[in-house]
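Following this line, the structures themselves.
The two complexes that follow have subunit A in common; it is paired with subunit B in the first and with subunit C in the second.
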Partner chain A sequence: MEALGLLLHGFAVLLTWKTLVLMMVGLVLGIFVGVLPGLGGPNGVAILLPLTFTMDPTSAIVMLSCIYWGALFGGAITSILFNIPGEAWSVATTFDGYPMAQQGRAAEALTAAFTSSFIGSLVAVLLITFLAPMISSFALKFGPPEFFAVYLLTFCSFVGLGREAKHKTVISMSLGLLLAGIGMDTVSGNLRMTFGSSELLRGINFLVAVIGLFGISEILLTMEERLALRGHAASISLRVVLSVWKDLPKYWVTLLRSSFIGCWLGITPGGAIAASFMGYNLAKRFSKDPESFGKGRIEGVFAPETAAHASGTAALLPMLALGIPGSGTAAILLGGLMVWGLNPGPLLFVEHKDFVWGLIASMYLGNVVGLVLVLTTVPIFASILRVPFAAVAPMIVVSCAIGAYAIENAMFDIWLMLGFGVVGYVFKKIGIPLAPFTLALVLGNRAEDAFRLSMIGAGGDLKVFWSNGLVGSITTLAIVLLFWPAVDGLLSRLGWTKQTKRSSP
Partner chain B sequence: MPQTDLEIVVDDPTAPEDDSPSVVSSGTIEIFVCLLLLALAATLGYDNWRTGASWDSTGPEPGYFPFYLSVILGGASLYGLIVALVAHRAAPETFVTRAQARRVMAVFVPTLLFCLATQFLGLYVASFLLIASFMRLVGKIAPWKSLLTAIVFTAIMFVTFDIAFDVIMPKGPLEAAFGH
Partner chain C sequence: MQILVKAVGVAAALSLSAPALAGWEPSKPVEIVVAAGAGGASDQMARMMQAAIQKNNLMKQPIVVSLKGGASGAEALMYMKSSEGDPNKVLIAYSLIYMLPLSAKIPFNWRELTPVSVIALDQFVLWDNSAGPRTVKEFVAAAKAASAPFKMGGTGSKREDHVLTVFLEQKTGAKFSYLPYKSGGEAATQLVGNHTESNVNNPSENLEVWRAGQVRPLCVFDKERISYTSKVTETQSWADIPTCKEEGVDVQYLMLRAMFLPGKVTAEQQAFYVELFHKVTQTAEYKDYMEKQALKPIFLTGKDMVQFLEEDDAVNKSLMTEAGFVAK
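The block that comes next holds the complex of A and B.
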């Protein structure tokens, strides 16, 4: 297997003291970010991104992805001990995790959560290892029309499959695409939508927007809540860990099912949140006594955690292979790639072998190290929550400002960040989803370039998007997904109810 | 029950009351946002139309793609406006209560001042001022704790970014006095 050889090479790239230290630092920062209220995976990665600007891309991506794994692990700690989901995808973990903690089985629940996160990521990383090179070598044959079709597919599936009101997703996405177009036009060199402002000439940086949208707005939202908390502090002993691991084979069906759900929803833009709930619900439905779920059943922790992590990790697959992020955090990592001067897309596997395989190897290693780290340090991280929010909030604000400024060394970006913070706050409160906005902002220019290049190539004939079987079927699929609710309704009226229900529960 | 004897308890004395009156309803904000987005779509659409939103011999002109996006944004906002106007009459949902608004402002206003201070005093001085005063005035934390936290955090940031990672932050008169 070629992939195995390259993977081993990736490990060789990785196994230096410097990288290992960065990995640990990344994991600790990530868990920190995951535990703290008002911060989460995407915010953490966005805020800490400037730290990596002066590193070489491989060290940088290793550290950033470790922040991401750490945040995924950290979310489970607060869900189980405090009944406060640190992240939206940890909500399902609280259903059985918190009751377990109340019964004095916190250590058991935490071990279950961390172990299943590990298993979920592992399955997804295995998938990436073998599938990503295949997809990318296939995608090397893509021309601009194919790429535009794939972008279109991504955008349309967000609109068609998203759970928010359709017009709100469309608002969010078109706004993102528009803002991406501000500044110098990459094809003709003309200025667009700058209104004579020299600050807008540079365009709106995607990372500045993300820091504002997720960092600043999240603090504003957190302040609205009652911040009092009461929870258990637990330390995990080796005996508990071993006893949970001994029982693990009993739950292989649940683990495997959740892993598959997670991988599938991670690659398609369903996301970790949907995956965790689906994992939980299916485990409950197929259980012999569904009544016991919600009362502290260990399977109720295994199922959502495995799915959430498999999905969070699988979201990196389309990012690596096609340059299309499967989640908000993947979108930020993609933004990072561009900052380090790498061009995301299928060529990455050819031109930057060290980088790609270093990253994939770091997924394996980061998860192993992360598992050991969280199992041993839970009490320390749980006690972070003792720090009053009045101390945490201004520090987060300062970190956000540093992050926003560092990207382009521009004071204007700090103001822009503040503006996006307000926009993010209002949008979240009236139910306009932010993920499509983020995705559109990062992909906007590439999608437009692909569109215009295919138009130039075809002499302005829209039929180019149906010019061969491949591009035609992707474009058609995109349009079907855009109108998916209508299509779904039509299918069920034609008597296909059973099949459609099963494929999209 | 082993392992869970220790409990972590954090109180929030200034938590917003649950029965606080609503300041503004979600519907009103939605209408307002849709109107703003419509205005934005119109402005951007006009600008792109001016740049050139049709086809020429080489393909689509620079304004083509964003012009049609403005049309989509405008359409979706208009639809959102109608939906919000219709729903508005039914049941008003709270956007923010008075107590919540007070807390949000307690973070937003200092953040705004912090951005202003960064512009004139440099980021590190502004960061020290923000953390110390926020902890003291909003969090009611003891002065020495607030000052110490602010100094330590700002120093760590300075060492990490400006010295260790070479990421240069905006400076003001204080740093200039020390020759940075």
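The block that comes next holds the complex of A and C.
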């Protein structure tokens, strides 16, 4: 029950007018970026991060995480009304959400999406509340080999479990690792790959890279596709909301299953995108009437939205407790923590209780406030899409440039951001995933340092990664995940996973 | 009456400031540039000075702390170098100004900056886990007897902590594996978690874990004991820690904490900051901070400072050369 006491303490930290106002501002900004195609969670958080540099860490993270919740909510609006997923994880929501809107049931679909988002995050927050103290209790067991094993696990699971072609994930990750090596090397104390440039001394800031890779490249793509925005009018009346909520208990199996998938994929770095597809596919597979999916079935909105939100929320747990982000947005929040002088990782829970429990409490409050906010503001946000893209795009580009400049007050970073924009555009065109690149840029340095410190400590003996139960099991799991497709194939040949094989599309 | 009081006040302020400042004052917010990450010793010191200046109204313009800890602090050095002639930036420097150009061939020389004042000297202490050996002698004996070398945690590579480790090896004959962490805080928690056997952190970096009873100070690398006698833990004060020399290991090292302006600023501008930081050292905030972090008080400026820097540079250079850390 220690968790409950700490949680109440967290609420006490949080319940000030200032924090509540920041929360509302964050949610509104988040919904706004979620609705706009080309922005979205990771970009929104990345661009708005410098705004929070002058705040105290608790206020800053509350505001940023609220932007994150807002973006998660907002992504559903465009998917349903316009068939444009504002976020990659909202793609699955369009399958049944848009047909519902076409049938004039937009309000019903939106209510379903918001409600299931709320349920998904609630389940994940409950998980975080009760798992977090356990994780912090073995915090001190983490030395360099343990840290390296965890990073290895993250990298391996991206390769082994990702939906993209393995070689493309590896290419993307290797490029990220290469760029992460630029700048001062802590272990040897020497400069690497700076080519005499003092701009490159400090290395490549991953936020600059992220803004370019995601934000700028998405604008380039959208321009190329001459995106036309056409949408359905929507308003939500209390009657519709109540009728959807009344039917909710009928779908408890779907909601529970999607929550579970979301939590699992959020903690392992599968991410919200994979979770939303998996949630949708499983709901369809286990339905008595799979044919009706894709034609406007409300369950087809419940399933992906619950999973996406559970995953987006659960992704914060490994970030806080182990310093490993479970999603792109979590990776950016991780960078934010470092800027505010908080060292994410096992000791965060020991050294910065106020911050951690303030954040967890903000997840509860943020979701409740967010639900009310989205239900009441749908018509306003839907009107954003009537603004021509030609007017929105320059605004997005300018905000990206300001974001990149503000991180270090360096003009060089704006050029770097534009360069990454082009890189991101090319990567998207040739189908190289961006997430492994970002991940490698964020964790590359830490993984390398942890590995080399382990080697110095162990006199170069690789057996150190199996030297105790903790590090041994993480390393082994990492290697199993790296070769997961092969392992999975072997298992199915032995007839263990026939069920899964047959039913996948 | 009120007007008169105000006029007298202004006159007094003018007469006080006139001789030293010759009229120059910053017209923009002043930036304290920190060559280290957030929460480190330099950052804490910069924030103390920010608070001292603002609370005591020592300057009209606001003061901001700007963290430039990239590339182990090289970012801050290059930033100062490229801000030539800008009197609104002050660097809070430490021994990296001598060491970084030697080890990483950073094109930087502290003589290109304008020295303002040396404001403190920082100590180094040999620490081990509170479950480890109790004295320096036991510690050295255990390190020699160990089958694998003892692990020594520290901040960065080829820097103060690393140099101290090399000299500790030379004087004791024990071997250590030096593990360079990103910050002193990390080195502290790794020692608590028993992933290293010891570290040579500054007092401020290990203060909290010492108070929590998780680490033990073995000896201080100075020729005399730390002067602060009020209790820090239940039983011990900083003054209770023996010097390493007393314990038979004659290794000494003190690190400067000094303020610099960029190059090519005017004499009036330099004089303003000399006066400003002199006033800072008179404040209660500064004195509290010095005692809490067990820093050695010192105030040098002008010729004395330059002479100190030249000597200190020579000492650091010979240590770095002897340790084999100078890049070819």
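Observations on the structure shown:
Methods note: the second predicted complex is superposed on the first by the 491 of 505 C-alpha atoms of A that agree within 3 Å, B and C clash if a C-alpha of one lies under 4 Å from a C-alpha of the other, contacts with A are read in each partner's own complex, and residues count from 1 in each chain.
The rule is short, and it goes like this: a residue touches a chain if its C-beta (ideal position, glycine included) is under 8 Å from a C-beta of that chain, and two chains touch if they have at least 3 such contacts.
Just so it is clear, the model here is predicted, and its values are computed rather than measured.
Counting residues of subunit A touched by each partner, subunit B versus subunit C, the larger count belongs to B.
In the superposition on chain A, contact of A:178 is made with subunit B only, not with subunit C.
By the touch criterion stated above, A:188 is placed in contact with subunit B and with subunit C alike.
In the superposition on chain A, A:144 makes contact with subunit C only, not with subunit B.
Once the two complexes are overlaid on the shared chain, A:393 sits against subunit B while remaining clear of subunit C.
In the superposition on chain A, contact is made by A:198 with subunit C only, not with subunit B. In the superposition on chain A, A:249 makes contact with neither subunit B nor subunit C. By the touch criterion defined above, A:469 reaches neither subunit B nor subunit C.
Touched by subunit B in one complex and by subunit C in the other are residues 185, 187-188, 190, 456, 459 of subunit A.
Here subunit B touches subunit A in the complex through residues 1-4, 6-12, 15-16, 26, 29-30, 33, 37, 40, 44, 47-48, 51, 55, 58-66, 69-70, 72-73, 76-77, 79-80, 83, 95-96, 100, 103-104, 106-108, 110-112, 114-115, 118-119, 123, 127, 130-131, 134-135, 138-141, 149, 153-154, 157, 160-161, 165-170, going by the rule given at the top.
Residues 50-51, 53-54, 81-82, 101, 103-104, 106-107, 165, 167-168, 170-171, 174-175, 177-178, 181, 185, 187-188, 190, 192-193, 195, 216, 219-220, 223-224, 226-237, 240, 382-383, 385-386, 388-391, 393-395, 397-399, 401-402, 405-406, 409, 411, 414-415, 418, 421-422, 425-427, 429-430, 432, 448, 451-452, 455-456, 459-460 of subunit A are the ones that touch subunit B when the two sit in their complex.
Looking at the complex, you find that subunit C touches subunit A at residues 37-39, 43, 70-72, 74-75, 78, 82, 103-106, 148-149, 151, 156-159, 162, 177-182, 185-186, 189-190, 192-196, 325, 327.
Those residues of subunit A lying in contact with subunit C across their complex are 140-144, 183-191, 198, 201-203, 338-341, 343, 347, 408, 449, 453, 456-459.
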